[in-house]
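Shown next, in structure tokens, is the structure this report addresses.
A, B, C, D and E are the chain letters, set down in written order, and residue numbers restart from 1 in every chain.
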Amino acid sequence: MIGEPIARVWHVTLGIGAVLLLLIAYTILSMRQHRENPDDKTIPSWSQLSEGVKKSVEVNQRSNERWVVADAQATSLRLFWGVFWGVSGSLLIGMLMGCFAFVEAFLYPPLAFLAKIPPIALLAVFFVLAGTGETMYVTMIAFGVLPTLAQTVYLAVKEVPAELRYKAYTLGASHLEIIWNVLLRHVLPKLIDAIRLQIGPAMVYLIAAEMVVGDVGFGYRIRLQFKLLNMSVVYPYIVVLGAFGFGIDYALRKLQAFVSPWYAKGY
Amino acid sequence: MDQPASLAIDCLSHGFGTKPVLHDVQLRILRGQIVALVGPSGCGKSTLLRAIVGTHLPRQGTVTVFSGNSHLTGHVVEGPGRDRGIVYQHYSLFPFLTAVENVAFGLMLDQTNISYRLFKFPRWLKRRAEHLKQAREFLDRVGLGSAASLYPSEMSGGMCQRVAVAQALIMKPALLLLDEPFGALDEAMREELQRMLLGLYQENLAARRKGELEPHTMFIVTHELNEALYVGDRVVGLSQYWDWRQAGHAQPPGATVVYDCSAPIFEPDDTRDFSCFAGQREEIRDVVFNPDSAYPREKHLRYWQELEQQREAEPAP
Amino acid sequence: PPVFSLAWSEYPSWSAFGVCHETGLINGAAGKLGSIEEKWGVDIELKEAEYDPCIAMYGAGQTDAVCITNMDVLNASLSRPGVAILATSTSYGADACIVSSAIADVKDLKGKKVRGLALSVSEYCFARNLQILGEDPAEYTFVNMDPGAAALAMQQKQADFDAIVVWNPFVLDTLNQRKDCHVLFDSSSIPNEIIDMVVMSESALQKPKGKEFASAVADAFYALNKRMADATTRDDTLIALGEKFSNLDLQSMRKVVQQTKFYATPEEATKLFDSAELKDTMTKVVDFCVKMEIVAKKPVVAFGAGATGNLVFDPAYIAAAAAKP
Amino acid sequence: MIGEPIARVWHVTLGIGAVLLLLIAYTILSMRQHRENPDDKTIPSWSQLSEGVKKSVEVNQRSNERWVVADAQATSLRLFWGVFWGVSGSLLIGMLMGCFAFVEAFLYPPLAFLAKIPPIALLAVFFVLAGTGETMYVTMIAFGVLPTLAQTVYLAVKEVPAELRYKAYTLGASHLEIIWNVLLRHVLPKLIDAIRLQIGPAMVYLIAAEMVVGDVGFGYRIRLQFKLLNMSVVYPYIVVLGAFGFGIDYALRKLQAFVSPWYAKGY
Amino acid sequence: MDQPASLAIDCLSHGFGTKPVLHDVQLRILRGQIVALVGPSGCGKSTLLRAIVGTHLPRQGTVTVFSGNSHLTGHVVEGPGRDRGIVYQHYSLFPFLTAVENVAFGLMLDQTNISYRLFKFPRWLKRRAEHLKQAREFLDRVGLGSAASLYPSEMSGGMCQRVAVAQALIMKPALLLLDEPFGALDEAMREELQRMLLGLYQENLAARRKGELEPHTMFIVTHELNEALYVGDRVVGLSQYWDWRQAGHAQPPGATVVYDCSAPIFEPDDTRDFSCFAGQREEIRDVVFNPDSAYPREKHLRYWQELEQQREAEPAP
């Protein structure tokens, strides 16, 4: 019958099997490639890969840094501040839009349009408008995630049943308390959900920008090593990026469970 | 003893677009009453309640609420306010607060403000503990002492509604409004909550005997006649079916109050024998719910006369 | 006829192939032939891309030949041995270090950030010039940034932007936009050291018609150079070259072509390939690449027909093109 | 009171006002920039912009094409085929995962990981592995949208109440009919919703890829014109891109209303 | 006239994890009966129904369904199948089909297959028109002829349940299973649907009078005793409260059938006077719902004796 469940042990076994299969497939592919051209670097062998990993984690003589540490530090700081300002801005804008119909009428059209432009195309605009320093990364991420997040906040506010607002008034709430104690509490978990979804795009802008103007960071390293065709460094970096994304996602889920325990309970 | 008024609705009319809904509604509720409002579906019961809460202001007429404790002073409703509590059928609780926090929410909003809570945090913590203690007492009163730390999504519909009643009661509103509060619950749960309301009415009677002001005044919208007669000490019927042609209207002008009589009073532990009000039920069916009924609207407004008679019958204290 | 692909990016002497396509000398689409393709019996597929992806494409075997500099080809040739089949131009002022008026002398650069594309000819040009001026490159800070972005930042007078090393059109563009800037040094001090060329992979060359393809590429390049030499088509060809390359007007394009010195005739290119100077240059470049960790190990650079190595400079195909009018 | 609505006419007025305000702000910015440097091209004046627009829509003498037409054609074809294959693949994979627990156990871990990698970082991998022809764009988009879409399909299948499956069996459905007549019908509108959300990312991959390889397409043109600092062409192109996104979104909404009228009715 | 069996449940036991739910359930349903199953919440009524549908196979014992029209042949249930219809409390309809399409859905699935519909499209279209016509007739029978083109989301809960009944009836299942079909509806809607079921029972009686096979056999799970007694012609009580210690168990072995008696038979137009079965209701409360009841489980299984007596009383045809 369709939809029949299987035992947990099967789940685990098959999951591990899938990963193993991928690794085996890669090994075969790489071996075939190296039989043709022993110097191939596009599908590095495991020993090449371990070389690449070593290169990334060992202290580099020229720059006196561990690449992956320096890059992770730079990228995560940029990401953090970018997302931080984007979230702050969108919370402000979204709240105002949700609470006050005239703000909504005013800001909705430009936001809706902005949300539709592939941010990568805006790279050029950001170079022009925000320069090429650290602030550029931050501005770019902030502006990149803002339209979608603001829309989410706005919709979340709109979703709060009017009855709850009314009731809060009958309980003696001031306007500010409605926003702070009712609407914000409602919006928070949804905002975190939306941030989780926007981390991906934010990474995309950041990596793209780092590829062009960075002198440290994941994007910079990947571009440089790609140009040198050191795929043995590029692939591990991509895996690190994936793990990075996973880590942030996990942290945000934990945060959500912490600040909005009610939400996880299936509200 | 003259009961002071708690609510006065004067010449209230309302409509949506060109469609009239309420026409010239007149109603006066006395302190300590539990008034049940019945009427055909869509006649405008909820609209009337919203006008009293102040979220949908009437087109014409006024709603006056009398609050305060020793000297009741009236003010015209212009928006939702602290003196009227409301229990809705759905959305009865704030989903992000536990049961006890929901009950304490009103105390917090009413007695403190954001800057106090932020900048006088230690003092606020102390105050908070008091609030929670008080809230827990009210939860006990509705029989939910053990569910204090559950979130609404973790409680059954009946539990939620009981918490909602506690949440409203703790604020000691001059008037508690309930819009089909038990409509979504199953029979057993309904019975229990109805008994709870009867218990509150007993508190009123006790207070009256002691010569104090009655603590609870309620206005309950329901579509169940049995519930109205069982819980209310007075039943008001709102209906669009009345003899409006006689009154000089070419078009149906909307619903108005067409029935207003006292209802039998039960104690919580009385057996629920509904046969005793079979006659009154039939009368309400005929006057309020029957689309072909064409009584003049004053015909079945007997409450005030009944009150007179009752007073005469009672010996002076 | 068999299809061979050539990856190119916008650069004066490489855009030549794009112009060849526009003028019908070759047809860049697979399956379609231009006049030169018919002449040699091969089908040339042009692949346009940014410079970096061109290098990667070549290294990954996604293209048979690529327009590349003598420096960038070294790393790729380690995994994919190649033959330099054609030298198109040399940078003769096209790479330059542009500084603001705050900097009068090379020594003023110490402690300042010099921006340009790291591990590229820009950095090479920078290091070589410092060397010539008797400075130690280790005392200077070269910071990575895309040349377009660096030029833009310079033009916008962003804070902490005093020196950039970029190539054309960014050099001319920046100088046009910021009259207060000047060139501190440029690649004219190291002529024939930064060489733009076409490299074809050894294995592709061995395929049937591989050698004809190499000759056809050279032939097309010289055909276009003839159009540039001809007074009637000269301006039009220049404009066409500049079209994708930059917004510069005809006047500036003349300057560009001057600073990007074309090896316009087979003789010039052959002379370069046969010169002892080239061997010397390549030694310098290889050493630079080793020092900068651009290459993991020293590639073997060889010269002349029949030589073997990671990179072979073989003038045979230039000669073949010249021999078959 | 918070959340109070305003009249429709105000809505429209304020919306138009917002757009006007943006335009005025731009004009002022541009004028200031031109006062400093009359040749400035980073924030072009309106006349410069109209030049740029003319350049984009007029037949170009050298290539004998209208830029914007050629670019739109190339980009939309690539997008279409990429999304087409991505959707087909994800439908297949998602359906299989939703229907058969062992496929789910097998494919979920790799999909979840893939979905977390910023696709821009994968550009390098795609160049190396999929070549640089038109197929590269298509493969890249397809692989880019596949993880998320497959997850959506999978979750949508899982969301179908078991009772509906059971009931269909009691009505005489075969396994294939359960998939075709019950599950697929359920999944379709959600899939379209998900496609709408994935058009953005798909555009990002495409534009990013077009920026580095290719000789026609929106990304190519924007990159080229940006490099030439012709912002008078870049800005209109960005607006066109936004409109493009809007158009696709609108078309998908219409499609959804057509194939799943029940969904719009607030199921 | 001997009624053939429609369902036989033999020695059926079930549990979740280590928790036993059903213990040695024995039940035989005759063709043409409307059997109501009552029991305390959580006793395993739904689990029993799922075992009959075949979606959750029992741990022990078998479920045999007898289908076919003239000669009933039995087969052991191994999965959901064409011969048993089901109406759930929720998820009663396919949301992507209109009312009439929902009703016709079974005909389509049962009579055609995908390749037929794709490759013999013109023939399928003709067939489809017939199906829809037939579906519309069934919709008319449940009083929803005018709602044919509405989607489930556009209908009220009561309308949905009626469509669901039509959807099941059109398949003429040997056995129609209903799991609290009216649990989520309000009183008025419930009454109407209950009357509808009584109408189907009248069809059974008519068929029996004509000597034909009865068209409808139903097994209804409900938690309302009134509903069970009103709609069913036989009430079966499932309960975990019985004298299992007597039967030699150390641990509660799970629920089993502890009550099985015939119920009064109403016609749709009879007045709903529930007082007549007050006694039986009390008995069921005591036997089935009372946690302290400790009767041996056979004690109140009187149905088959009653049937004997009734037959003896009836004159031979």
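In this section, a residue touches a chain if its C-beta (ideal position, glycine included) is under 8 Å from a C-beta of that chain, and two chains touch if they have at least 3 such contacts.
This is a predicted model, so every value here is computed, not measured.
Look at the CA centroids: the one farthest from the centroid of chain B belongs to C. Among the inter-chain contacts, the highest number of C-beta pairs connects A-D. Mean C-alpha position of chain C lies 37 Å from that of chain D. Spacing of chain D relative to chain E, judged by their CA centroids, is 50 angstrom.
Touching two or more other chains at once are residues 1, 42, 124, 127-129, 162, 169, 211, 226 of chain D. Residue positions of chain C with contacts to 2 or more other chains are 52, 56, 60, 148, 152, 156.
Each of residues 55, 79-80 in chain E touches at least two other chains. The part of chain C that touches chain A in the complex is made up of residues 52, 55-56, 59-61, 72, 75-76, 78-80, 118-119, 143-146, 148-150, 152-153, 156, 158-160, 292-294. Across the complex, chain B meets chain A through its residues 53, 55, 79-82, 84-86, 88, 90-91, 94-98, 105-106, 108-110, 113-114, 151-154, 167, 171, 173. Chain D makes touch with chain C in their complex at residues 37, 39, 42, 62-63, 124, 127-129, 131-132, 211-215, 223-224, 226-230. Within the complex formed with chain E, the chain D residues making contact are 161-164, 166-174, 176-177, 180-182, 185-186, 260-263, 265-267.
Chain contact summary for the complex, chain C toward chain D: residues 7, 10, 22, 47-50, 52-53, 56-57, 60, 62-63, 148, 152, 156, 169, 173, 177, 240, 243-244, 246-247.
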